[in-house]
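Heads up, the next two complexes both have subunit A, just with different partners, subunit B and then subunit C.
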Partner chain A sequence: MEYAYVNARIRAMKSRLLGRPFLEQLINKPDVDSIIADLERTTYREELERAGVQFSGINRIEVAIRNDLVRAFRAILGFIKGGEEENLLTLILQRWDVQNIKTILRGKKIHAPASEILDCLIPAGELGEAALTELVKQPDVKAIIDLLATWGVPYARPLTRNFKEYSETRDMLVLEYAIDTFYFEHALSILKSRDTEDNRIIREMLVTEIDINNLRTVFRVIRDRMDREEAKKFFMKGSSELDTETLYSMVKTGTLEGALKLLEPTSYRFLSAIPQEYVTAEKISAFEKELDRHLVRKGISQFLGDPLSIAIPIGYIWAKYAEVTNIRIIARCKQSGVPDKELREALINV
Partner chain B sequence: MVDFGIPIGAGIAFGLGALGTGIAQSKIGAAGAGTIAEKPETFGLMIILVAIPETLVILGFVVASMIMIMLV
Partner chain C sequence: MEQINPTRMELIRKNAQIKLAEQGRDLLRQKMDALIQEFFHIMESVSQSRDELERRADVAQHSLLIALAVDDPVTLKSASFATRRGVTLEIKGKNIMGVPVPIIEKKRFVKGLLERGYSILGVSGRIDEAAENFEAELDLIISLAETETSLRRIGSEIQMTRRRVNALEQVLIPELKRQAKYIEITIDEREREDLYRLKKVKKIIERKKKTQSPQL
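For the complex of A and B:
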């Protein structure tokens, strides 16, 4: 595969992404309809027109931006079709499969309406919109796992293995941990086979995700005063910076302040900048949001990497994801009348 | 006796320049094709960018000519 060709196309696609001034323009709009009018003057026009046949208002934006994101990801996969690079990029896109399956399982557990679950999905991985819709139609968690197994989706294996424990404890963390571990172990084992620059870039992104998942677990364990020994089994392996011992030491401190102190020598020291009131009140949503932003920023920073490597497609995937997330946040906040100041704080600044 | 060193030197000056131009143009051409596929309006700029490495082979040709004219 010729990276010069593919990456030039992707850089051209990146130049069409909406910049901060355009997002500011959207923030200043009074309602959802005027946001749609502005978006119709951008690359989202085609998808907005298609979505306009069936949907209106906020749903039209949601469907259009989701389809545009999927179309962009599919286009990139099309550029690199057939090469080793396609397998590497698929590894990254599979994270959305894992995320979607987890969202559906969580939704089914709390008996959320199918339409609400579908709104939260991003069919950017190998499970397309039709497959996800079919999964959402299933009556319960067991039926979802069975359907995945019938389709031969590999994620059915860890879910089936851990379903007994889930049905005894009704703790969704069991299934979430199982599917996450399966995904990361599988991906890292593939990357281990060859030591190339591309593999290194993908490994770095995956390890960052592992760290973020582990930090989320640490924060939740501290907040919910969970059994420390019990928590240990939910830490995923694969990171050398935040290994199981470090994570366990964080949990042992028993407070968020203590855990943050242990993060000082690591690349996650930026979490210390979170206002003290959130730390005292143990509002871990602020930490989770900051970690999500870190992942997106790290993904987008790949644009500064080797211009003739997989870094450019990875950078684009995260830049596009950030754009779609920001448009979604703006539209939702306008819909529910959230003040502009709070809206700006909710955006992913990159 | 014929001195083969001079024409061989001229050949190397010209040949390596042409090789360098080929390598550079292959990369720029591929990137240019990718850019034009997404932004057709950049066609003119891409033609100029693809042509820039030609200077290498022209310089090689000039050096080779000077070697042949001045030393033979």
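For the complex of A and C:
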């Protein structure tokens, strides 16, 4: 595949991303309608017009930015179609497949109407809208897993392995945990097979995500005073900086302060800057916000990497994700009358 | 008044009725005092719980807003599929001074990390916090439902008792007393008439005796 061509197109797409001044302009708008008016002057115009047929207000914005995100990711996949790079990028986008499969399984378990389940799907991954609709049409959890297996979707494997336990306990946690861990294990095992620069970039991003997921688990386990031994099984392997033992030691401290102290020698020492009041109140969302910002910043910083590598598409994916999240935060906060100061704090500042 | 028999038996009956009505009024007053005491006791806890509920609802709404803004409403709805289930509560009853009030089973709805039905790896802590805040709000709403229903029932019982006391005090007892008074007056009047008649007869007899005796 010609990286020079693909990355030039992606850089062109990046140039159309909304910068900080535009977000500031949106923050200064008095209501959702004026935010829509401003967004209609950007690349979101087409999706806003399409969403405007069915939705209005905040829903119109949310549907439009969600569809725009899906369209952008599909466009990138279209640029690199056919090569090894497509498989690598698909690994990143498969997180949406995991999320969609989990949503369908959850919906089927409670017999939610198909239309309600379909409304909650984001076809940004490998499974397109048609495939997801077909999955939603299945009568039950077993049929969904069978269909995934028939299509050769790798996520059918952990689901099939754990279905027996699920059918005995009727606990969706069994299947969800299996598919969540499989996503990272499967991706890392594929990346291990070849030692290229592209593989290294994707692996680095995935390992960061594993670390962040593990840290979130540690903080939540400490806050909920969960059984330490039980917590161990929720730690995902794959990171050398924060291995299972380190994570277990953090849990063993029993306090967030203790856990943060153990993070001092790692690259996650920035968490120590979280105000003490949040630490004392065990406000996990404050920790998550910092971790999310770290991940997004790391993703976007890939733009600074090798211009003839997968770093550019990866950087764009994260930049687009951050932009969409920031627009949603601004629109939601404006609709609910959240003060600007609080709104700015909620943003994924990049 | 015309229908009352102004007899001594009737007077005794009326006096007995007055005594009974006064006893009833005193008992109802005592019941009302006890109910008012209970009412204020519950009201204190209700107003505390209401304040707490308002605070909790604000926190829950705020956490929901943040979760919706950062995590996308579809992710939130997807997580809600995992946790969607009915709430069953056992409701028993007890009596406070004869007023039936409900006792709603104290079930804790705040769930643990693994009890919400979704994997913690795929759902953010923001959604967890929103869920936890709404679960805590549900706990408060249910406990408030019990105390508010008790308060409403005791309140209406106090009103009813007060109406009964007023009816006894303002209508029945004064009416009975008036009737007893009427009977007393009528009996006295009759006694006086009888006495006068007897005296008159006595005078006539004496006069007759006097007119007959000189002839003898």
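The definition used in the following text is that the second predicted complex is superposed on the first by the 278 of 350 C-alpha atoms of A that agree within 3 Å, B and C clash if a C-alpha of one lies under 4 Å from a C-alpha of the other, contacts with A are read in each partner's own complex, and residues count from 1 in each chain.
The working rule: a residue touches a chain if its C-beta (ideal position, glycine included) is under 8 Å from a C-beta of that chain, and two chains touch if they have at least 3 such contacts.
Since this is a predicted model, take the numbers as computed values, not measurements.
A.B. asks: Would you sort A:Leu304 into first (subunit B), second (subunit C), both or neither based on which partner it touches?
C.D. replies: neither
A.B. asks: Using the touch definition from the top, say if A:Ala143 reaches subunit B (first), subunit C (second), both or neither.
C.D. replies: After superposing on A, A:Ala143 lies clear of both subunit B and subunit C.
A.B. asks: Check whether subunit B or subunit C contacts more residues of subunit A in the superposed model.
C.D. replies: So, of the two partners, C touches more residues of subunit A.
A.B. asks: Is A:Thr181 in contact with subunit B, with subunit C, with both, or with neither (first, second, both, neither)?
C.D. replies: second
A.B. asks: Applying the document's definition of touch, where does A:Ala8 land relative to subunit B and subunit C: first, second, both, or neither?
C.D. replies: After superposition on chain A, A:Ala8 lies in contact with subunit B alone.
A.B. asks: After the superposition on A, what does A:Ala281 contact: first (subunit B), second (subunit C), both or neither?
C.D. replies: A:Ala281 sits against neither subunit B nor subunit C.
A.B. asks: Please indicate which partner A:Met236 is in contact with in the superposed arrangement: first for subunit B, second for subunit C, both, or neither.
C.D. replies: Touch partner of A:Met236: subunit C, not subunit B.
A.B. asks: Is A:Asn213 contacted by the first partner subunit B, the second partner subunit C, both or neither?
C.D. replies: After superposition on chain A, A:Asn213 lies in contact with subunit C alone.
A.B. asks: Shared contact residues on subunit A for subunit B and subunit C?
C.D. replies: Shared contact residues on subunit A (touching subunit B in one complex, subunit C in the other): none at all.
A.B. asks: Residues of subunit A touching subunit B in their complex?
C.D. replies: Spelled out, the residues of subunit A in touch with subunit B are 2, 4-9, 11-13, 15.
A.B. asks: Which residues of subunit B touch subunit A in their complex?
C.D. replies: Residues of subunit B touching subunit A: 27-28, 30-35, 37-39.
A.B. asks: Per the contact definition, I'd like the list of subunit C residues that touch subunit A in the complex.
C.D. replies: Against subunit A, subunit C makes touches at 63, 65-66, 68-70, 72-75, 77-79, 81-82, 84-85, 112-114, 117-122, 124-126, 128-129.
A.B. asks: Within the complex, which stretch of subunit A touches subunit C?
C.D. replies: 62, 66, 98-99, 102-103, 106-107, 109-110, 112, 117, 119-122, 171-173, 176-177, 180-181, 213, 216-217, 219-221, 224, 226, 234, 236, 283-285, 287-289, 292, 325, 328-329, 331-333, 336, 338, 346, 348
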